[in-house]
Structures are given as structure tokens and as C-alpha cells.
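I've put the structures underneath this note.
The following pair of complexes shares a single chain, chain A, combined with chain B in the former and chain C in the latter.
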Partner chain A sequence: MARLANLETEYPVLDSTVRNFCASHGIFSVEDFLIHDLYMLAAFAEQNNSSERLKEGIAQVLSIIDDMHQPWLNGMELLEDAKRNKHVFPTGIQGIDLLLGGGIRVGQLTELVGPSSSGKTQVCLRTASNVARNHMVLYLDTGNSFSPQRIAYFLGKTINPSSAQAKNQFLQKVMSNISCHSVFDIFAMFDVLHQLESYLRCQDGRGGCQMRLLIVDSISSLISPLLGSSSTQGRALMTSTGYLLKKLAHQHNLAVLIINHTVGGEGGYSKPALGDSWKCIPHSRLFLSCDRGSNNYNVSILRHPSMASGKAARFVI
Partner chain B sequence: MEIWRLPISASQRGKLISAGYTSLSSLSSISSSDLARGELNVSESEAMNILKVASHSRGSETSNASCSIVEGAQSAWDMLHDEESLMHITTSSADLDNILGGGIHCKEVTEIGWSSLSLIVNSVLKYKLTTAFGSESIIFMLIGGVPGIGKTQLGIQIAVNVQIPNDFGGLGGKAIYIDTEGSFMVERAFQIAEACIEDMSEYNRFLRKDFQECKIKMQPQDILENIFYFRICSYTEQIALINYLDKFLSEHKDVKVIVVDSVTFHFRQDFDDMALRTRVLSGMALKLMNLAKRFSLAVVLLNQVTTKHTEASFQLALALGDSWSHTCTNRIVLYWNGNERYAYIDKSPSLRSASAAYSVTARGIRNSSSSCKRIKMM
Partner chain C sequence: MGSHAKAWLVEDESAREMLDRVLTERPFLLLPPLHRVPLRVGNVVELVGPSSSSKTHILIQAAITCILPKLWKGVSYGGLGHSAMFIDLDCRFDVLRFSELLNHRIMEAANGSSSKVGCHQKDSEAQFERMKPYNEELFALCMKRFLYIRCYDSSEFLATLKTLHYRLQKEREVHGVNVHLLLIDSIGAFHWVDRGSSSFPLEYDNRKSWHLQNVSEAVVQEIRRLLLVHPMLVMATKAVVLGNKYSTNELTCLL
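Our next item is the complex of A and B:
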């Protein structure tokens, strides 16, 4: 929230008289304005000489603040929005889709947690290849683990190739819907998300193939270098990331899939990394593990808005 | 457009917010001298830096081309074609190369673990390690003094093999060898280089008989010259070197592999602050990934193995814990099976789990000479 002095160029009504009056009450920025008792301020303004001016100034600042908050929605509007926009995307893996009652939901942040080599990247690749048939996908990769061959393999399994050329065309059409970008630090990721936001804002207007899935593999690699030091900056960045992703998911109807790893907890059990502050940020959390030496994987629900937690399933990739 | 997204230090951010600048637009119309002179209490150069960073962020928003969603993103289809033309670094053992899909990939970070030789107090213990093969059990005996499973040998072999010229199917690049333990032996590298050149002349002789004049002009000295060797004595040196590699690699663009032997050595002993260790290691891994991607090189990290005590049984696991295991793209575990050395792919985005036998000979890493040459697939 800007300083009142800087707002003068845009809103000439906030001239020096208004500002001096506000300064005499200790108000230098819009934020100070909000903390102050507005009735008292209005009363003082009445008693002042140029009361009209001052009241106009106060009204102007209040209207600036009004522009900043999201519009109110009632329950019916939310329900309409959920029915029309917030679809469910199947991941393509039967076990997971059955467990989640369809798949991952648009507008929600889904987290995959698991120890190393438990299939998290494979689930993401499978989901990306499934969603890319009809929508666009953005894959943010922090560990160079995006594998186009795997995507081609998953797609190849699902179609019956009439000819090599038809298969090639199909692969090209679907794989061109997946964009992959490597990010290696959190500020680069913020830049990318910001560009994505502008892209999505333009996209909401036009039709055609729309972006519906964002995958971040893995968010914990970006945040781990920041946590644990004496400053709280790391945790602040982590929470800001979470809220930014949730905002993108809800406002632009994206399904967001992120990957987290595990660390050792008490008693030798592994627990998800990033700590307790992160625990409540994703809407749903799935815990994956792998039976050593086979293709069988286990998934269980740690947290989900509509399915019971603790339910588990097995799947094969 | 918020201030917290800018890569500036926490104290500068705090000063900006307390002075009322919370969005990028509020910084757009101010000059650096005003910023420094105002209530902010920052120096002129800091103010200029802040404004530079802010205008860069603003610039990236407006210059969003409509063709790509995000600057620098590639579509999966383009990447598929790029990957098909990507070269691999051979390990000189055909079995090992087979399970690796041709060899060590560029643009990826591969971690290779070996069994630790640390002596367990009081006794020589036998560990039964049931591996991914299910019922097969391996007897692992710790004996002090045996030179190990061959990780340094594999590292040196890769550093030599990356220099095989393009004509012979190699990359013709240079290597960086970062040594933290002092286990790099120049004489051994010379031996391996000689053997590699002899193999190349054999290949030349058998298959390219018409190119009589095309004798191998490479000498072992040339190969050694193309290995850039760094010796590290503490973890701060290690971090400093990884930071420096950015500049080094922009000057030496023909480096194609970085071998770090071993990446965990300085982080295992006397590291009191575990949180600091995790932070430093994750940061280091990200930097290495960045280097691998930007300069299209392969990064091979050699790691040690510790024992984890879970549910009254001992399990061998790579050192430095789960966070570190998560950061690498691929993981290969080297182990003994009877008298044979085996390599097993533990983690990979695109390769199947498999293991292959190899042996360490006077000429370097070669195929295992046992009669059972079957590659065990999962």
C-alpha cells in the first residue's frame, strides 16, 4: 500500500492540505489509514477549515482501498463456479483415480509426498500425459527429471497405432501441449508464476486449448535451502508460495500438483518435509511409497477436502 | 507485483516495507538518490541495486511474448527430439552402458554410492542385504584395507572416456574432477588413459582399415591435460568452488562432465548444525543442476553408504539422508555380490531398475569376466 505522497500523481485530490492533515495524525501511507480510527478522523476533519477538501481526500483513499479486495461471493455463486469450472482430472492411474473419487481437482493444490524413488515423478508424468490430450500443461522441473521419453511411452500405451505416422502426429499434438521449464531457485519460480499469471489472465478471455495443469517437481528442493536458518525469511517465502499457488489455482481454474519429499521423523518413520507450517497449505496430500523391487506402489490419503484420510490403495505404473 | 518476490536481502525488504513501498509500482517513479535520501537508510549503491531488480521484474512482465507461455519453456515434443540427439558418456563396460541406456547422460546429475569401509567396533559383522531381486541375499563382509568397490576408478574412467573424440562415438570434451578425499591417483589415470588410447587404436585397426593415415594422435598426456583437477579440503571450499564453476564453465565451454569424489565427505564428520547441513546441501544440489542444464554437461557425484537401523535390521542407505537422496536425478548403487561387483539403478525418471556386473581391471572399468553375463532386469 503506497505512501500518500506517491498517490498524489494519480489522485490529485490528495494534495498537500490533505496530507498535512493526515500527517498531523500520524498517517503517512494507506496502511496507516486503515489502522486509524476513521470516525475520529472524520470528526477532526469536520472541525478543520478546509473540511470539504479533507472529506473528499478521505473518501478517495477509502475508494482506493475498496478496489483492492476480492468481490464477495455467496454460496450459490460458489456452487455454480464449482459445477461449471472446477472439474476433476483423472490421472490415468486407476488406483489413484479410484481413491480420489475421480482424480485431482481443478482449483485445488494437491501434494504428493514420499521417500526417494517412490514414484512421485512418474505419477506427475502420467498425469501430465493424460491431461495434455485436451488441455495445456506447464511442468516446472527443479531436478532435470522431466523425461519426454516417459511421456511418449505413456501416450503410446493408450492408443492403437494404425500407422507410425498417425502415432507420430498424435504424439506431436499432445506433447506440444506440455511445456517444461527448469527453475533452480525460488525467485526464478516467482518470476515464472508471475508470467504465467499474465498468460492466464489473457487466456480467460479467449477460448481454445486452455492451460489447466501446473506441476512443480519439486517444491521442496526450492524451499529447503531457505528453511532452518535464524531468519524467518524462508518460512515467509514458503507460505507466500503456497498462497500464490492456491490463488492461481482458484482464480484461473488450474489444477496444481506439487511434489514434496520426506525426512526422518521420530521413531524412524518418515514424515513430509517442510515442517508444520506447510502442512495446512495444500488442499490434499497423498503419501506414496514403493514396495522395493517391484512396480507396486502404495498411496494413502493424508488430507483431502472430500475423501476420508487414511484410505489407501495400490497402483502400478 | 509484490516486494516479497524480489531477490533482495531481508533487511532491505524490511526497510522498504516499513517505509511504505509494498508494491513494485510504488518503486517505479522514484530515483535511486531519492530512495537513498529518504527514510530508508540505505546506501546509494544499494538503492540502485534495488531499483535495478525491481525494473527487471517489471520488464519480464511486459515482455511476455504470446508464443511461449513462459520465457525459456520448451514443449515436450521439442525436448523429445533434443534428447534423441544427446550424446552419452560411456563407462567402458558394455553391460553397465546397456542398463544406463547408452551411458551417463548429459544434463542430468547422477549419484553413485559405494559401500563404506568404516570399521565397526568390536567385530566383523555379516550383513544380509536383501536387494530388489527379492530372495537373493548378499553377504557383505567388512574388512579393513580392501581398496573398495571402485567408485574412484569409475570416476577416473568417466573423466577419461568423456575425451574420446567424436569420430569414435565419444563427446570429445574435457572433464572437471573435484577431489575431496585425495583419492585421485595420477599414475592410475595415466594407466587408464593409455589403455583407452590402445582400445581406440584397436577399434581403428579393425573397423576403419582404409583410414591408415588416421592414426591416433592422442597421447596419454593430452588426456591428462584435459582433466581439470580441484582439491578441496573443507566444505566451505566445496561451496566456493561450485559457485566459481559458473565462471569457469563460461570460459571453458568444452567441459562435458563434472565428477565430484566424494560429495559427502566434508559433510559427515563434525557437522553440528544439521539444519545448516541440509540447507547447504540443497543449495549446492540446485546449483549443480543449474550448471548441468545450462552448459549441457553430465554431473557425476560419488557418495558413501551408511547403515540405517530400522526395525531391528540393518539397511544400507546412501549417506546424508532423505533430503539428499531426493535431490539427484539418478541414483546408482554399487555393491558386492559374491566376488563380483555390481551396479544397480535405484532411481531414474526414465530407466528401468536393473543391475549389471562390471570389474575393475588394470585397464580401468571393463565388463565382468564371469561366465554369467545375463543382465538382471526387474
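Our next item is the complex of A and C:
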């Protein structure tokens, strides 16, 4: 947060009189203004000798603060943005697409929860192969589960048999749209996401192939180690991760797919990991499970912005 | 001396006048589904519940009732005709669902009035087609009364609150709209993040550090000050973590 002294070059109103007055009230940066009572400050400024200048200074800081939040939008502008940018991407798996009414939505976080070997990574790979035909995909892999052979297999199933060379070229093109990063702790993930944010800020607006899908496989292996009972840092990091993902999804029009594991709950039922504080973060939560010894999977809705929870479907990969 | 004492006894207004004044300045806002609760402008309501207990849905319903007009082109919609402001700290607002619900309310009110007249099936369909441009016009009018902002952390939220006074003044002067409803989705959204903000000792004694207590106090103070100058009904949701006995039913339907 900018110290007031450094802002003087840009805003000459914030000269030393203003700064000394603020310092006498314990305000040294713009952030301090946010937790101070500005009306009391203005009242003190009235009683001061150079009250005009101080009031100008306070007004200037208020206009700086006005730039610090997102713009206010009305309902029509929101709707415009949703219709223009927030499309739905089909996952390529019929059962899931039917259940979700099209697929996963851009601008929203979709969480896949399930016990081990319930098809979560397979669903992610299938979705990645589907979206990568036309857009770029970023796959954050925490457990070395990304498999290029599987993606090639999914792509191979759906393209028309033509010459081997054309097939190869197509494969090359689609595979080059997917970038996979291995992250093994949460700070590495924050690093990658911040780099992604700067990259997307430059890319937005230019034409060509845009990034539209971000997959995190799996977020529970990054966050679970931090959630001890004594420190609050773990939950703070978890919430910050959630908000960073939501910001990327909304401002840069990405669909985000997150994988979470299950832990044992009461009565032997399994429940999603990461606890109750995580429940408020994803927009949609899907519970996956596998029929033993076959390729049939079940998916049911735990939470969805426009559908009732409990709706279920079956699919095959 | 005598005149001063007498000045104390002169009344300002009668009780009836006071009641009239208070009821116009701070009217009752009966918004479904909380219409049985006597909420007045200037009250602050907190909706508390575990995740997925339709708290946001109540806010959305209240917003829709607020932005619909009372009477428009002969059809009664039963709304208040005021603007509503929505501060989204949860960042999960779905505008498509909001517009669906608004459309549904508009159609319901329009069909309700036509069915009272007793039309036949074909007549009502023709009337529906005729009403379509009016419905779209009304839809646009209502959506423009809904003001939305999202905040990704506490500093953005505090920045929004501090500049809200000027924004409301500007809205009143430029557009002539009065905001009577302020909705905050998930007031406890940044609880953990603020709690985890390390408050390392700062170099000056009187400098306030950025931790949960100072941030919460600043938020409460700003909202209180705002309500003095711009009386509004404030509805805030808060997600809580209930004890274990409520979470067993969660996955029974799936297994």
C-alpha cells in the first residue's frame, strides 16, 4: 500500500502539511485511511490552521480510495457480460453434460469431490482434451497424475480417420494448447497463479487462442497439510486461494475445475475434505463415485447455483 | 428567566405528527419472504445459517421485490419501485438465475392480471405476445435499478463503504433514484484472511494495524455512519459452521 510520502509526486496536494497532520493521527499510508474514521479526521482538520488544504488532501485520498475497488455495475451490464463472455464448455462426457445442462460454466469454480479412483482425474483429462481443441488450458498437477497419452487417446477417439500426417498435426496442435505445471506446495501454486494473472492481463483484448480452462488436480493435497487445529494461517491461505481463483475466473473468463478428496465423516459416510470453511468457495460441487470393477461412474450434485442438490446421473469414460 | 423556562415547555410536534413524520422518513419495508417481520428502513438484519440454506436466495427475492414497481401500465406488480444495492463478498452471484427469477415474477404478475379478466386460452396467448415488448421494457427498467459490486478482500470492501456516501449522493442527484435496500452477501467472508493477517509491530505507536478487530470496527462504523445520512434497510448473510450433529444428513441421499 502506498505511503503518502511516495504519492506526493503524483498528487501534489498531499504535501508535507497534510502528511504531518495525518502522521499526528497515526496515518502513514492509504491503507491506514481505510481503517480510520474519516469524518473525525475532517472534524480535526476543521480546527486546524490550514483547514482548506487539509480538506483538499482528504478529498484527494478519497478519490484514490475510489479507484481501489471494483466498478459498480447495474443489472443490465452484468447480464450483458454474462451473455457475452460466460459461456458453457461441454466436458465431452455425455452424462455430466446432461446433468449440468451443457457443461461447466466460465467464471465459476466447479469442484469434483470423490474417494480415490472415482474418476476425478479422468473427467479433468477428458474436459481438458475437449476444451483444448479451440482454447488454451492450464493444468496444475500436484500428484503427477497428468497423462498426455490419455489425452491423445481421448482425442484419437473423436477425430475422423484421415491421413496419419493430418492426424498427427491435429494432435500436435491440440496438445500444444495444454500447459501442465507441477506444483507441490501452496506457495508454488500462488506463484503460478500470480504469473498467470499478469500473463492474462496482457493477453486479454488480443485475439487468437485465449486461455479458457484452469484445472487444479488436486487442491486438497496442497491445503490439507496446512489445516491444523491451532493455527489460523491454514484457513487464511485456503480462503485466499479460493478468492484468487474466483478473481481469475471472473475477470479473465476462465472456467476453473478443482479436485478435492473425501475424508471419513460420522457414521462411516465420507464427506468432502477441507472442512466447512471451504464449502462457501466453489460455485458448484459434484460428487463422483465408481461402481466397483466396471467403467460405470456416478455423479451427483452437492451444490449448484441453479439446480437442486441430489440430482444424479451415470456416465462412462 | 421566565421566558426561558416557558420555551422549554413549548411542544415541537404532537405525537400524531411525529408518527406521520417517522413513518414517511423510515417506512416499513415488507419484503417477502420476510414480510411478516416488521422491518423498517434503518434496521440491520443478519441472516445466519450453514452453507446451502438459501440465505442468498432470500436476499435475491428481497432485491427483486424492491426493484419491481408497484403499478406499471395498469398491472400491479406489488413491488416498491426503489433501487437496491448488492455488495457481493462471496463472489458467487449468478446473474442469469437472478434474471430468470425476475422474468418469472413479471410473467406471474402479468398473467395474474389477465386471468382475473377471464380470458380464453388463445386470448391469453395473444395477450402474452402483445405484452412481450412491455415485459422486456419493464425487465430492463428493473435491472437498471439493481446495483452490484464485488469485493475480493477487506480493503476493497472498506474502500467501497467509504465511497458509498458520495455514490449514493450522486445517484440521487443525477438519476433521482433512492436506494432503500443494501444487501451484503456473506459479511464473514474475509474472517479467516483478516485473522491470519499478521500484526507485526509497526514503527509508530499510534498507528493502527490491519487485523480482524480493527477491520470489523471500521466496517461497523462506516455502515452506522451511512445509515444516519442515507437510511436504508441492511440485510447481511453469514455462513456459520454448525456442530457435528447437523452434518450427518449431508451425503445419506447419495449412498
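Criterion: the second predicted complex is superposed on the first by the 292 of 317 C-alpha atoms of A that agree within 3 Å, B and C clash if a C-alpha of one lies under 4 Å from a C-alpha of the other, contacts with A are read in each partner's own complex, and residues count from 1 in each chain.
Here is the rule we use: contacts are C-beta pairs under 8 Å (C-beta built on N, C-alpha and C of every residue); 3 or more make two chains touch, one makes a residue touch a chain.
Computed from a prediction, not measured in an experiment: that's the story for all the values here.
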Superposed model, chain A: greater residue contact from chain B or chain C: B
Partner chain(s) touched by A:264 [first = chain B, second = chain C, both, neither]: first
First (chain B), second (chain C), both or neither touched by A:194: first
First, second, both or neither for A:28, with chain B first and chain C second: both
Chain B versus chain C as contact partner of A:116, first or second or both or neither: first
Which superposed partner A:144 touches (first chain B, second chain C, both, neither): first
First (chain B), second (chain C), both or neither touched by A:313: neither
Partner chain in contact with A:182 - chain B first, chain C second, else both or neither: first
Which superposed partner A:236 touches (first chain B, second chain C, both, neither): both
Shared contact residues on chain A - chain B and chain C: 1, 28, 31, 233, 236-237, 240, 270
Chain B residues within the chain A interface of the complex: 1, 4-7, 10, 13, 19-23, 25-26, 29-30, 57, 60-61, 64, 66, 68-77, 79-80, 83, 107-109, 131-134, 275-276, 278-280, 282-283, 285-287, 289-290, 292-293, 309-311, 321-323, 325-329, 331, 346-347, 349-350, 353, 378
Residues of chain A defined as touching chain C within the complex: 1, 23, 25-28, 31-32, 34-39, 62, 65-66, 68-76, 78-79, 82, 232-233, 235-240, 243, 246-247, 250, 265-267, 269-271, 275-277, 279-280, 283, 287, 289, 300, 303, 305-306, 309-310, 312
For the chain C and chain A complex, residues of the former touching the latter: 50-52, 67, 90-92, 94-100, 140, 142-153, 155-160, 162-163, 166-167, 186, 189-190, 192-193, 195-197, 204-208, 210, 214-215, 217-218, 221, 225, 239, 241, 244, 247-248, 250-255
Contacting residues of chain A [partner chain B, same complex]: 1-3, 6, 9, 28-29, 31, 115-117, 121-122, 125, 132, 136, 138-139, 142-152, 171-172, 175-182, 184-185, 187, 190-192, 194-196, 198-199, 202, 211, 218, 220-222, 224-229, 231, 233, 236-237, 240, 261-264, 268, 270, 273, 292-295
